[in-house]
Amino acid sequence: MAVKIVFLGPLRDMAGAESQEVEAPLDWAGLLATVGDEVAAQLSEERVNIACAGRVLADKSALQAKDGDEVALLPPVSGG
Amino acid sequence: MAVKIVFLGPLRDMAGAESQEVEAPLDWAGLLATVGDEVAAQLSEERVNIACAGRVLADKSALQAKDGDEVALLPPVSGG
Amino acid sequence: MKDVRLLTEMFIPGALVGPFTQAHPGLGGVCTFVGEVRGGEGQDTGVEALELSHYEPLTLRSMEELADKAIERFDLMGLLIVHRVGEMRVGEPIVLVSAAALHRRGAIDAVDFCMDHLKSAAWFWKREKREEGWRWIEPHAGDYADLARWSKKNRQFDLDQGSS
Amino acid sequence: MKDVRLLTEMFIPGALVGPFTQAHPGLGGVCTFVGEVRGGEGQDTGVEALELSHYEPLTLRSMEELADKAIERFDLMGLLIVHRVGEMRVGEPIVLVSAAALHRRGAIDAVDFCMDHLKSAAWFWKREKREEGWRWIEPHAGDYADLARWSKKNRQFDLDQGSS
């Protein structure tokens, strides 16, 4: 297994894919290096969140995804 | 025809009647003298309103009911 | 569409809200409040029945005026106000307010506004039947406070005083 | 009774609100908000369809947590939250929140609270289809302001950040 990066909402269009599999482990620097410049720029914005293994990270830069984890990139939401 | 005084809500129980017919014309002093002490005491309270001919009076003491008018005594409301 | 009704018979909220919603294609949201006679099963309130009386020459007209105010103030596409009068049993609906608007804030606020006014500034008088007999209900202090939220002048009543 | 649902198919609000109301005998009031896809007849918005996507590992859980908060905060007897995902046409319901309480204020405020949170603090992403194609929608500044009303700290987001 590996780490699966999932692109949500508008980030999906930006990445040109729904998801991407990368080698474990994956940290913040590794994530930024993997997703391409445009998505990486978005990730640096405060209003874009990251979830790892079903939990939203309070501090994105503390990302430590291990084998089998799903990392979701969550842009600003718009429900209702 | 005369002036019809209509008792609403709890004032109906107090007056012991739904309505009462009196000689026209009827002014504030006449009304107080007609309806009995208990209802008269209620009418003096600010939160009790009076309508004459389908209009709520901004100043109760300005009541001037003429032949055929209906005078409604409106205690504090409780709808919904 | 303004639809204001005083009903003397039991009504089914869903049977009114469905057609009301359908009548406003293009709406963004509909907010509905239904008030029922509290008590009965699971609620030891002791209330057996409720009676709402009103003063016909004023009641419907004041509800119409309330509806006009709400439609203008909250930019509504439609407003439905239904109020029962007469004797009701526990669980029966007393009042229904449904507001249709392009945006949710207008719809929700309009329902809030209308309910506060119907509670303590419309010409209804309520009494409850308990084991010991009938008892008149006055609005609570909380109802007056709710009403005052809508008035800059914080007047206790916001009724149309007519032309007198 | 807490009832939280994510639906992939069209739903009829009345078919859910009726049974929800029946399930709470003794209630004082039920407030319901239904949001629909705006546009179409009489509304020249140009929207042909709407798509709501979500992130399944978070969405339903965050809605459940929102419901728990609202039930406690507003002393509710019951709360129903239904949210569509997938592609919807103009006029179809997107979201339904229905709150049952002993008193109207709790029911109305709970609906207001839940809608504000679903609008800008739940894991949904919305895009619209117009003649020129699909376009992603972000929450408006007004939605953030609405949400901030419920928070003493005025934080922009009020999402559960989990245990991380």
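Should a chain be cited, it is by its letter among A, B, C and D, assigned in written order, with residues numbered from 1 in that chain.
Keep this in mind: a residue touches a chain if its C-beta (ideal position, glycine included) is under 8 Å from a C-beta of that chain, and two chains touch if they have at least 3 such contacts.
Keep in mind that what you see is a predicted model, and the values were worked out from it rather than measured.
Chains that touch both chain A and chain C are the following: D. Averaged C-alpha coordinates give centres for chain B and chain D that are 49 Å from one another. Distance between chain centres (mean CA atoms), chain C to chain D: 24 Å. Note on chain placement: the centre of chain A and the centre of chain B lie 73 Å apart, centres being C-alpha means. Chain A has residues 80 in contact with two or more other chains.
Looking at chain C, residues 35, 104, 115, 119 sit in touch with two or more other chains. Interchain contacts (touch definition given at top) occur between A-D, B-C, C-D.
Across the complex, chain D meets chain A through its residues 35, 52-53, 55, 57-58, 61, 83, 94-95, 115, 118-127, 136-139, 143, 156-157, 159-164. Contact residues of chain B toward chain C in the complex are 6, 8-10, 12-13, 47, 49, 51-52, 54-58, 62, 70, 72, 74-80. Remark: chain D residues 13-14, 17-18, 21, 25-36, 38-43, 45, 90-91, 102, 104-105, 107-108, 111-112, 115, 119, 142, 146 touch chain C in the complex.
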